[in-house]
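As written, the chains take the letters A, B, C and D, and residue 1 is the first residue of each chain.
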Amino acid sequence: MGKNRLEAFSDGVIAILITIMVLELKVPHGDRLDTLGPLIPVFLGYVLSFVYVGIYWNNHHHLLHTLHKVTGPILWANLHLLFWLSLIPFTTGWMGENHFTAVPCALYGVVMLMCAIAYWLLQQAIMAAQGADSLLRRAVGRDWKGNASPLAYLAAIPLSFWSPVLATSLYVLVALVWLVPDRRIEHVLD
Amino acid sequence: MGKNRLEAFSDGVIAILITIMVLELKVPHGDRLDTLGPLIPVFLGYVLSFVYVGIYWNNHHHLLHTLHKVTGPILWANLHLLFWLSLIPFTTGWMGENHFTAVPCALYGVVMLMCAIAYWLLQQAIMAAQGADSLLRRAVGRDWKGNASPLAYLAAIPLSFWSPVLATSLYVLVALVWLVPDRRIEHVLD
Amino acid sequence: MGKNRLEAFSDGVIAILITIMVLELKVPHGDRLDTLGPLIPVFLGYVLSFVYVGIYWNNHHHLLHTLHKVTGPILWANLHLLFWLSLIPFTTGWMGENHFTAVPCALYGVVMLMCAIAYWLLQQAIMAAQGADSLLRRAVGRDWKGNASPLAYLAAIPLSFWSPVLATSLYVLVALVWLVPDRRIEHVLD
Amino acid sequence: MGKNRLEAFSDGVIAILITIMVLELKVPHGDRLDTLGPLIPVFLGYVLSFVYVGIYWNNHHHLLHTLHKVTGPILWANLHLLFWLSLIPFTTGWMGENHFTAVPCALYGVVMLMCAIAYWLLQQAIMAAQGADSLLRRAVGRDWKGNASPLAYLAAIPLSFWSPVLATSLYVLVALVWLVPDRRIEHVLD
């Protein structure tokens, strides 16, 4: 199995996920500006998750870049990642509609953690298929972002019950770290 | 007609189906953990059907691998398969919301059986187009999973009325059989 | 502009349309078999429109087969076709939920007629771009199905107010004519 | 990163957006013609936004035509554009359901303005990546439509509070300007 169809299928699912999230922004009744008020937290949650799904799409592309042959474990590790990504619209909607309270914020972290673990498993499956001289293995060594993100999600889950604001800030921070290009840091780590 | 557009269209439909299922997981009112309780069976149904659609996507890809030219019967057999697959989100939602009771579990089996029959018809259409020295025909001989699955669905339909738990277990078992790699068995059958 | 992206975009829209229609099959409350009763006309409407969209996808592919360069008029004629196709889920849902009564059946015919006209316009745009020795122009001469279908829709619209059953039968008949391969007839017309 | 996957992903998102808008056309209760009455403004809003999204898809394709290598800023500028486009179904639905009143019309203009700005940023990112002899830079000089459109949106936002009809007319006018081929004007500007 070539990687083209795996990429196309993943792109399709991710494109649908990123668009389905906007359906949680339900058209309000009434045409005054203040009818949009209750939608603001839903909108902010949408922005955050849009960035996260965008990051996953970007990283997923780089991950598959060194891949040539799709094995059974890679195929299922990829579907496993898509499964957890598919839960992001649900947790985003729940978090937004409840204005970022404790349990929804914690569940958001749980799903983010599972996505990170699924991504790591996919990475392992690709490295296992590529064998000893895996191009990916060499690239992963300096992946401090990939290693730090799950720890941040892991910290944010209990933190949500103490201060959902701090937990959410942690999610925003992780997203920003991925967004901001950091050539200087990468050069040091090289 | 080349097979590229048939593959791309099928991938698109399957990617949308696998993602649409998650819309049955409706964001609950209230932000406490126990508001998620009623969603657990819906979630479990989603996991089961996600795996099934993933298996179909995977098998569909292998089925089309030996194909070069798309004939009219292949095209319509493929649309026929997509039609039955498109009913999976509905039956999954109905089964999940009713906590796996008799009729929804039986209907799930009916749709699964129709998907299996549609898959078999597509296989026949491809073998007919490839003629006597069909690559696919040789591969299908050892396809004990493909032959056993419809029998399992056929058994699960009446079983649902006696014990929906057993019927559901049968659906889970079939999914697991497809998931678990079975090189030893395949070698014996070679 | 190459035709690849036009094809991919059209495939995407058509794949989404064919899948969105199934969302009109709303999961009913209650788990007894008779709760599915009111869904039967919605289901039958879904089957009919699934076949129609499948036929359009198939014909669209053949239409673009002889195309090499996408001009502005072709691009907009294609979007115009996608627009009318995008209204099929709405009219299908309205017709199904009202159990095939007069006005919804007539509206179904109106949208079908507009789709046929949009398809014809796209055909004209492609022939205009290909000039005097258009491959498509030679193929279209024997397209009796393409010429008869709009007439059938045109007849079905007023017929809906007299007998919706007959109008619906006409829609089913047109779909069957497209589905059934008719090599004998085509050979006569050659 | 090649541009193929960026194009495919963008096409996927835009195809889903253009189709999701039709979901705001909710199947009405009752089968009489006058039950369609309240849907007319929603339908007109759908037509307008369908044309806008079609224009963006068309322009997006031309924008990427001169592109070979996708850099980080291009990738994120593209996702940023998709983000604002993804809000079009929401504002369209709100505008249509409220029969084109002041605030929804103004919000429609805000989202259109943000789309135009995001498009401009993507253009800048591509020109920056292509350097001094950018093919795109030469093409953009004569892009009077691209420069005039944001000004029209900017004017329509305050205009909405005075006369929503005029603001909407401005949106329609901008869409028409993009739709109508203007070879004479382009030749003058060459």
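Note that a residue touches a chain if its C-beta (ideal position, glycine included) is under 8 Å from a C-beta of that chain, and two chains touch if they have at least 3 such contacts.
All values derive from a computational prediction rather than experimental measurement.
Chemist: Show which chains lie in contact with subunit A and also with subunit B.
Modeler: Per touch definition, common to subunit A and subunit B: zero chains.
Chemist: Over half of interface residue numbers shared between subunit B and subunit C means same, under half means different, so which is it?
Modeler: On the two sides of the subunit C and subunit B interface, the residue numbers are mostly different, under half being shared.
Chemist: Between subunit A and subunit C, what distance separates the C-alpha centroids? Give it in angstrom.
Modeler: That pair's centroid distance is 38 Å.
Chemist: Subunit C to subunit D: how many Å between their CA centres?
Modeler: Comparing mean C-alpha positions, subunit D is 27 Å from subunit C.
Chemist: Specify, in ascending order, the residues of subunit B that touch 2 or more different other chains.
Modeler: Those would be 8, 12, 16, 23.
Chemist: Using the touch definition from the top, list the residues of subunit A that touch subunit B in their complex.
Modeler: 1, 5, 8-9, 12-13, 16-17, 20, 23-24, 72, 75-76, 79, 82-83, 86-87, 89-90, 93-94, 97-98, 101-104, 107
Chemist: Could you pull out which subunit B residues touch subunit A in their complex?
Modeler: Listed in rising order, the residues are 7-8, 11-12, 14-16, 18-19, 22-23, 25, 27-28, 30-33, 36, 47, 50, 54, 57-58, 61-62, 65, 179, 181.
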